[in-house]
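Think of it as A, B, C, D, E and F in the order they're written, each chain with its own count starting at 1.
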């Protein structure tokens, strides 16, 4: 992983990241569902560590299953530091995948964040754990009420998007985006440039400039921006 | 009603309550839809007083219907103190079942809370009434815009769950759960024990313990917990 | 436009407006989807300036399209002061119709508010622009990721409601309602009276009055209200 | 019940019935969901006999519940001849409310038809029973898998429409409509006239007439239709 | 319009057409919703003539509106021969956009087919009209029950796809696809070649060939297909 | 696998199978979505061979991907005879997972049936292949338009139900059910008995018997059934 690219991307909005990916023909990169449990926090980035659920079946999804070798508990103990755990809960909103204890353990293991298209349980406990969480809401019932856990570090879907182990996940107030592994450096470089351009445009708008010809720029705007960019260094 | 059980359950999360009900084979107890209008308040409990709506039909659902013997007004005047009113609005989110005036009257009659899978209207007025509300959002139109009120204290569905008069409802930040009347004492007793166990587990996790073998506990963890539990008294 | 009616309606809740429209047989006037990005602000009113999107097609919905004569940029430059821009995004929640720059330009042009059944992008930037926004949430991707912009000041649908240029839009914490142009004066006059009546009812409820006979009023309540209303002047 | 009106309405399409109800301001009369299990059959009419379900709860919705006093079995034995049974299954499509045996018993009791916004089970058995059925599809599981039966001849919702005992139900290939009891004669009389008018229009269209001025008619068309109508007697 | 391309495409499945469009980066070309009212008919093709609806509002969507200058009647009289009429009904399934009379008039005007993401009304009458129809089902109520007609030959969305006047529409048993005007010749030429290749593959599979290496072809398969193609002439 | 149990279950409806599974506490066994492409065929049974898709991402889901080692083609070549292939398409209805060629190859490999909560493409070609298919409909676009194939013989969800390799799948006109491997013999034995009982009940109903006391049986009915059962041998 390129820590330099990570440092750059911490200053690039997920909005800009999706526009850079569109330049490469990728429209399906933003997860529909995950929202910050606590809005207004800092942007986070990390490699994806995937978790996979299928629907519950009463003979499989039991509290006893929590002690099996393939369990959310075992998955958490396999997480390296600094990953972003991404859980495919098939968008089910009636069973909370994790509660306070599992979130506390993830925090202890230096997991950067938890992202899911499903929901969590025990809101006050999860908040107390200090783990940054992006999810689709809260439900009281445990995961086994609606979900069967089947494995980790497999390809998954989350919020309508494909995520493969090794892809990069970035989360901020707009939600969660995935950057395919091979596009990390492209997105970081182009994204940083784009942010600069948008900051110049914003200044122009503040001065009263009209949008047509500015964004996207016509030749005049390109010259003026180049000058501004040159002075910036 | 067992007021002792009520006192116990005020300290048990709805998350834990659903897990206790799962021990009895009950998975469908959490209402999908109702959320606290004001998060972070205290947990509330009370017997369910049900309200039932069907869809609007233009000859029935009129402002004039508010004056009929079967009306939301009459239902409210029939509510005993300390109940939790649960309204089956069929999940319809385009007509607010109650506004400020009806909520104020319920508050005056010492209703504990209002729970619905539908929405309310006049957000600032409802907040001003002081009635604790769990609902699926807000809409400006009155109930008659989308709903016809047909009765109270009948069996209803709310958020995908069956609720019968006399069942017990508990609400907190994770939403609303229903406890079948006959399971109240079981849930209270087991729930209190479970909360104790989880608080010990949380302490262990804070110390750095791994999850496998801890939750659910292996023999070693059982011994250590029993010791901790014994000292607690 | 009747600025007197506008002044009256700034003190009438959207809840009351929908009830007045129901007197004229209009049930479909509240938009399902738009919610205030910042709750608790003041109620806003203005004539509707409509924006229309259709679904994205990869040959049409490109960043290059932002520079075309029919573009969101050109639409914004056509907006008169004090309008409320209403965008038909077909309820799509995976592409943000506008971000910080376009909102800043609308603010600069003295647009009163932006309303959409879709979502915006770049939450912190939009908040920084100061433009009041009613929308269905946030998504990082740009409009072209899911939408093609096709025109302005045409009839549109927004949140299940028809909106024609020249209709009046009012927004508050309950969301957004549309008043057909010809009903503006009726709604303003009746709405103001209704608010007075409800404030009297609220006072009565605070004193402990029962609802039946009060709302809607029986003959006794009518007399008492008339007296109160007379004293009010 | 007016059997004369019933005889008239057997020749009036449900499409025309909804247009007649619209003349009285009623837009919500067609049930979204019920479709003929066997298309192309004859139009049927009868007074509504309602059945009501709420969601399943595992302690209530059991095969044992089929033997209780409040059960689908008891409801069927209470059905008078010639009714149309209308079941509120809340649109749930994962549990079949009735199978071959219950349909066969209803047929034996001379029930005219079964209408539901839910589904049936055992398709070949239901077809073999000979009972005309309008439903939203088929599912193998029994009602108790997703539903709890709670009563009959109560007001219900079905497919987004309110239905009260005593209302009239008409079903044909377009689905199921409800006629409020008090509007039966109006709808029958106006509907029959409207069908005549449409048959004349259809003839005109076959001759090559343009639609504007014909449907709705301008003065010339009114005269020509009156002549045609007069000759018809 | 290229009638030669039309003749070619009448022999190319909509499945193949979507694959050819994917070669040009276009994934959004198949309309989700329209299905043949009568399956098993011949494949049809024609330029799109668009119709646009917005939601109903009770003051606008009335039977009287059928006589206005902007009405479905006027739109039909504006249709050239051989077009495929495509109606944006926003996927609403509770109001039938057209019934027997309007379909009969379209048939009389030599309209090739009607396509909509909404529904029709009066199933037997529509079938009797002989107009080929692709729709999402049937509902008894008239368009004004849920829709307001606002114009024709504007850009629309239908089934999640953008359609501009002049685009080409092809319908068969799999549904309806749109070909952007500029891609017509490409799709016709490539599509015809692709069908040939698939017919060869199908023959190979019938002989027992394995799929890997065949579809997509490896070098050996390419040689064998080239030989078969050469002999075909 | 017990071929005797298979032979028994070919005569037991999926409706009865779900009731037998309910006796073991299993409510989630019927797949919501898969329907027979050709209704009225014979009931089929086989061990599940699972296929798994995640959402499409433009860099992964390409026609080129069809030639990769992990591809639908390779999966098909791994299928043993007599399995029922079950594909988790996440209920996506805008991309057909398989068309005529892949179905023809599965037929050639003696696959018993294909079941999916998604859709197929090229309806007439799939019918021509002769492979029995249970699916949620048809769409023209290829799988890569909306889906990325990621593996086979993994645990999957299909239609809201968990399916593990080795589970047994039964399909008939009501759709598709899964029998957990360990419950096969129980379901076969109990199911056959239950079918007998239902056939006796049906006969009784034909004779005019009332349902209460018959289904479920009271003591008298039990005696009469036992006698009938005894004579049957």
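One rule holds in what follows: a residue touches a chain if its C-beta (ideal position, glycine included) is under 8 Å from a C-beta of that chain, and two chains touch if they have at least 3 such contacts.
Please read these numbers as outputs of a predicted model, since none were measured by experiment.
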Show me the overlap between the contact partners of chain C and those of chain D. B, E
Quick check on the contact graph: shortest path length from chain B to chain F, in steps? 2
Max Cα-centre separation from chain C goes to chain F
Chain centre separation (chain B, chain C; CA means) in Å: 32
So what's the Cα centroid distance for chain A and chain F, whole Å? 36
Quick check: how many Å separate the C-alpha centres of chain B and chain E? 49
Note: chain C residues in touch with at least two other chains are 25, 27, 29, 56, 58, 160
Which chain pairs touch, all of them: A-B, A-C, A-F, B-C, B-D, C-E, D-E, D-F, E-F
Per the contact definition, I'd like the list of chain F residues that touch chain D in the complex. 13-15, 17-19, 22-23, 27, 29-30, 32, 35, 39-40, 160, 173-175, 177, 198, 201-202, 205-206, 208, 210-212, 215-216, 218
Touching chain B in the complex, chain D uses residues 24-29, 54-61, 88, 90, 148, 150-151, 154-157, 160-164, 180, 182-183
Inside the complex, what are the residues of chain A that reach chain B? 56, 58, 63-64, 66-67, 71, 73-74, 76-77, 93-94, 96, 99-102, 104-105, 108, 121-125, 137-142, 144-146
